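The structures come next, written out as structure tokens.
You will see chain A twice below: alongside chain B first, and alongside chain C after that.
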Partner chain A sequence: MKPLENRWYPYALLAPAFLVLVVVSLVPFLFAMFLSFHQINFGRIGDFAGWANYSKLMQDERTWNSLWVAAKFILIAFPLQFILGLGGALLLNKRVWGRSVILPLLFIPTMMAPIVVGLLWKVMFAGSWGLLSYNIVERFGFLQGSSVFSSPDYALIALALVDVWQWTPFMMLAFFAGLQALPVSPYRAAAVDGATPLQMFIRLTLPLMAPLMVVIGMLRFIDAFKVFDTIYTLTAGGPGTSTEVPSLLAYRMSFEQWRIGESAAFAVLVWIGFFILCSLFYHVAKKKLNAF
Partner chain B sequence: MNQPAMSSPAATQGPIKRISRQERVSVVWTLVLVAIAFIVLFPVLWVGSFMFRPDSAMFARPTEWLFEPTLVHFRYVIENGFIGYLGTSFALASISTFLVVLLGTPAAYAFARFKLRFRDDLFLFVLATRMAPPICMVIPFYMIFSSIGLIDTYFGLTLAYLTFNLSFYIWVMSSFCRDLPVALEEVAILEGHSRFAVFLRVVLPLLRSAIVATGMLCFIFAWNEFMFAFMLGGQQVKTLPVAVPELITTQGVRWGPMAIVGTLSLVPVMIAVFLLQKHIVRGLTMGAVKG
Partner chain C sequence: MTTHKTRSKSTLAGLVATAAALCYGTPLQAQEWTYTEAAKPYVGTTIRVLDEITPLQETMRKLVPEFTEMTGIEVEYELLSHGDVINRGQADLFSGRGYYDAVMLHGLQMGPLLSAEVLQPIDDMLHNTALSNPNLGLDDLIEPANDSLVNYAGSQYGFLTWNYNQIYWARADLINNADEQAAFEARYGYPLAPAETMQQMRDIAEFFTRKSGETLAGETLENDFYGIVLEGIPGGTTFTTVWEVFMNNWGGGVFDAAGKPNLDSPENIAALQFWADLWKFAPPGQAEYSLIDVPTVMGNGIAAQSIAFSDFVLGVDRPGGGSYAGKFVYRGIPVNSNSPESRSAGGEPSLMALSKHSKNQEATYLFMQWMVDKDTQAKLMEMGGGGVPIRRSSFDLEAMQEAGRQSLYKAMIQSLKYVQAKPKTPGFYEIDNAMSPLVQQVGIGSMTAEEALKEGQRKVLSICNDCLLTD
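Entry: the complex of A and B
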């Protein structure tokens, strides 16, 4: 037995934190489950309802709409973030000056409060006088006099672009960290063999970076699925339900329409979905990156 | 006297050094990078200018790039209690971060160092707690809190903040703990120190900078948090992110004060990005990528 090991000591270290986590995480989850099987009228818990809340949820068009909206949102935002992020990382990886000043500045969109991100773009795209509304959207004839965020056709695209602005820097810096950690020797060998930079990128950089890309991609996917703050400030799910992602739907259902039972059922399902995604992330990251 | 024949060209040209091809290329890349950073940050700077921009210049068509600066928006911010919301945000973020560090550091160390039963399951539970969408948490929290009177209290919100921050902290800190060499601790044990003394005197000092970095990230997350503060807070406990959208009034939006408050909320973020740098990638990828 190693000198540090002990039967009860690690559990004593864990106990306080886990006690708290059980209270703030497991209890709410179980309570949401309890709520989802009951009839709830204006915040009062009524009779046992069986699967009624779940079946109502499944029959509601808005549920499926929200998943479709989220899918579109991710399909627009993610490829752009990925490509721009990778390009930016390759650029950062060149010999450049002042990297230690530029790097932190690039983190600002990712680290600032999402609610402020939303308001920032509300100003940029404000109807008629917003900098981008007046100088780009109106000039090129997309829309006249109103904000892109009130257009059923463009609102979701604009929201996805805001997400791109917010998260591309993160992708860029994560990929850059990966590039910095690449081994040098394969590149030396390739250079000796007369490989072109493009060949090196395709044959060496991409395969060596692949595990990292998978892990970052999964993380971004999980995060993109739960976006709320920016959409809440910019469109609040509208116009109609055209930008109503699952988080927005759950919010509107529970705190605008007080359909608590159904939204608890929704929360439980989303929770289970996230748990599966998380364990996937955990096992992939553990295997591919030797993390954790 | 003859000039020494072997003087290098750089020396004969005095202060003007010869610029190699490689250096010229890196000037180009640097300029491209600066341009990108400028474009990315331009919206922040533009909206930042609203702090001093009179209302007449805000709504101008065509866009007015230059304007007579005014301080009237600052008066509005001070007179409408935003300094108080700033204090609330700061207090809440500090208290929850302090608790997270206190509870989380031993747990993270335990995860990193010891063989535990169900380690993977426990660890996954921590991760899932972090990753769950806040809206899923806020529905049960709201029901529980309103029945036991925790709505609009510091205690309630601190508790709610522990869900995402304690789990985050444990997860990322344990990736730092794994980087520590175990030998030091083993030697100290063999010298007869108790395990807990080793944790306090050997492990904690080595973890100091990791604790500061991860704790700072927790502070930022709490500082930026909106959903919990919005649904579980109220008039007594109102944080900055909740107060800002209230500037969208029925008489129109107060863009100037909004720019000021938004900029204020950016201050800790600016400090963090410059101090933390590489730790941010590690934090945001839950320790999977070591920045």
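Entry: the complex of A and C
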């Protein structure tokens, strides 16, 4: 039989983190769930509303539009970030010239506050006076009479590229750290067996990096879904609603229109959606990629 | 005898008092009332007041210590940006927390806040002779902005404190250029002058839209030049400008007389189409421009005309305000020559309202009253070197006689004749949120005016059927 202190000691160590998690995550989530089932009139909690907030939310075409916009945003930004991040990390791992200078520079976009990133790209792409939009897009006759962020066809692509600019270095650094930690012996053995660099990449690097890639990929995926600041600064969800993502819509519902019940229902639905998606992702990664 | 003498003396005193009162045009009591006396029961009280940060309020902040010195009431006068003052002020009022005793409210906020019953009517205090300044002269406040803003269901909910209004803004150096004048008259058949009508504004926009390499006022353009710039971002005041400056001037509007949505009326369709047609003469990035970007673009000299909020103009057209400062001319909002009887102007009259949950209502009322006092307003204009008046008499002040500003002040007077507060509708934010992306899409050519307004009508009907608060 274990001594008493041995039984409670692990729980005692976990308790502070668990307590913080409960206070900052679970309690607000449960409260949001509570709000989502109530009538809320300008911030004051009224009667139990059943599924009314959920039903109203589901019938609002802006909800579905925002989810579709987020999906398109992720589909453009995430693969680019992943591929460029991994490619860049592989290059850095080859001891390229100037690596010690490049590595600290890579931190800059990631460390910038998203609102600053938004303002920076506004200066680049603002219609009729932006550095890039005026000198490249408009001067050479592209987008006549419009601008990048005014165009329903290009605004979302431009926003996704801003996200790629900001977050690819993060992916690169994370993958680079993973590559640096890989064991050397399997590569030596493969070299002795006459494996080509491509074979080594497919048979060794990818499987060994899989757990890290899954975790980083999942985090970035979730983070890309939550994008808010850059869109708020650059297009405010426009033109029309072509760049209105769920975070922006929920912000408007809560803080501009005071539809607290519906926005709480939206938050709950998004949470459930991500819970299901992440669980599936976890199981697939575990079974197929041996990632966990 | 003694009685007679006493009676004679008192009659004489009465006559003197009456004569004095008649001479000064106010009752004797009015002359005795002071903020210091009225504030005696509240000395040492601290009140919290939330206001918006613009150069106007920053000037007011400098005056606030005078109120404290006079009354002994401490004022924590907090200034926040436009979005924050709405969010934080409303959150405090809706929650019933009562952190702020008084909050600055834009007219558009009145519907939701009155509907939530979180504002304190000030009628009792207005009629309390101990509290109410008999010389306040509320009849001097600019109408119809004041009446349409502060009154609802027979009660008054604060004082008009800020009188944001939109005006027509144009480049005087271009309009007064002899070559441009001749070319304009030859093309349109009437003299070039600041637009008095919407149709003239459109002609001027078309006339001055030029490509780089063309000539403008004798100079070869290095960059494209645009005939007009307007706000186009979804949100902000894009939709309310379309509503007040265009739809109303075409005889339309968001609601009919009964308060029911009326968006897809022929008048509104024509007005929205007119507004969207102006986009052909506007900078390519107009869909990104907020109410703050518009004055910046005008200040940078890449557009000939605009419709903008006059308080932003004050920040651009001033010494040191840029290379185009002093080269502008202003007018009231142009009239639609096809329906002059529907004349309207855009604006956002705003008030200082008392929180129902304030624990210092009387002390706060004194401060609110002091803000709109004739003396305070005179000092505000003097210290700010002019401004946007809430009182008609402020336009006569010396501070408002600066020669370079006369065009702007006259434009304000012209606009303010027609500026009204937004109708009090609890669903205002939802309506604005539904409509602003739609009108923007008409501007960029993704939808026709008819399609957008039919869609808008459907959406607004899903928000409310009887949209206005009723008494």
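In the analysis below, the second predicted complex is superposed on the first by the 231 of 292 C-alpha atoms of A that agree within 3 Å, B and C clash if a C-alpha of one lies under 4 Å from a C-alpha of the other, contacts with A are read in each partner's own complex, and residues count from 1 in each chain.
The rule we apply is simple: a contact is a pair of C-beta atoms (placed from the backbone, for glycine too) under 8 Å apart; a residue touches a chain by one contact, two chains touch by 3 or more.
These figures come from a predicted structure and were not determined experimentally.
*Asks:* Mind working out whether A:Asn41 is in touch with chain B, chain C, both or neither, as first, second, both or neither?
*Replies:* second
*Asks:* Could you look at A:Ser146 and tell me whether it touches chain B, chain C, both or neither (first, second, both, neither)?
*Replies:* Only chain C is touched by A:Ser146; chain B is not.
*Asks:* Go through the superposed model and pick first if A:Met213 touches only chain B, second if only chain C, both, or neither.
*Replies:* In the superposition, A:Met213 touches no partner, neither chain B nor chain C.
*Asks:* Would you check which partner chain A:Ala89 touches, where first means chain B only, second means chain C only, and both and neither mean what they say?
*Replies:* It touches nothing on chain B or chain C.
*Asks:* Of chain B and chain C, which one touches more of chain A's residues?
*Replies:* In the superposed model, B touches more residues of chain A.
*Asks:* Just chain B (first), just chain C (second), both, or neither: which does A:Trp129 touch?
*Replies:* After superposition on chain A, A:Trp129 lies in contact with both partners, chain B and chain C.
*Asks:* Mind working out whether A:Leu159 is in touch with chain B, chain C, both or neither, as first, second, both or neither?
*Replies:* After superposition on chain A, A:Leu159 lies in contact with neither partner.
*Asks:* Return first, second, both or neither, reflecting whether A:Gln257 touches chain B, chain C, both chains, or no partner chain.
*Replies:* After superposing on A, A:Gln257 lies in contact with chain C but is clear of chain B.
*Asks:* With the two structures laid over each other on chain A, which partner does A:Trp271 touch: chain B (first), chain C (second), both, or neither?
*Replies:* Only chain B; A:Trp271 stays clear of chain C.
*Asks:* So, A:Gly238: does it touch chain B (first), chain C (second), both, or neither?
*Replies:* In the superposed model, A:Gly238 contacts chain C only, not chain B.
*Asks:* Do any residues of chain A touch both chain B and chain C, and if so, which are they?
*Replies:* Of chain A, residues 43, 128-129, 134, 255 contact chain B in one complex and chain C in the other.
*Asks:* If we count contacts the way the header does, which residues on chain C are in touch with chain A in the complex?
*Replies:* Against chain A, the touching part of chain C is residues 87, 90-91, 94-96, 112, 115-116, 118, 223-224, 226, 232-236, 280, 283-288, 290, 297, 300, 302, 429-430, 433, 437-438, 440-441, 444, 446-447.
*Asks:* What residues on chain A touch chain C, complex-wise?
*Replies:* So the residues of chain A touching chain C come out as 41-44, 122, 126-130, 133-134, 138, 143-147, 149-152, 234-241, 244, 252, 255-259.
*Asks:* With touch defined as at the start, can you tell me which chain B residues reach chain A in the complex?
*Replies:* 22, 25-27, 29-30, 32-34, 36-37, 40-41, 43-44, 46-47, 50, 58-63, 103-104, 106-107, 109-111, 113-116, 120, 122-129, 131-137, 139-144, 146, 159-160, 162-163, 166-167, 170, 174-175, 182, 185-186, 189-190, 195, 198-199, 220, 223-224, 226-227, 231, 240-241, 244-245, 255, 258-259, 262, 265-266, 269-270, 272-274, 277-278, 280-281, 284-291
*Asks:* Which of the residues in chain A come into contact with chain B in the complex?
*Replies:* Chain A reaches chain B through residues 2-6, 9-11, 13-14, 16-18, 20-21, 23-29, 31-32, 35, 43, 88, 91-92, 94-100, 102-116, 119-121, 123-124, 128-129, 131, 134-135, 165, 169-170, 173-174, 177-178, 181, 212, 215-216, 219, 222, 225-226, 228-229, 232-233, 246-247, 250-251, 254-255, 260, 263-264, 267-268, 270-271, 274-275, 277-279, 281-282, 285, 289, 291-292.
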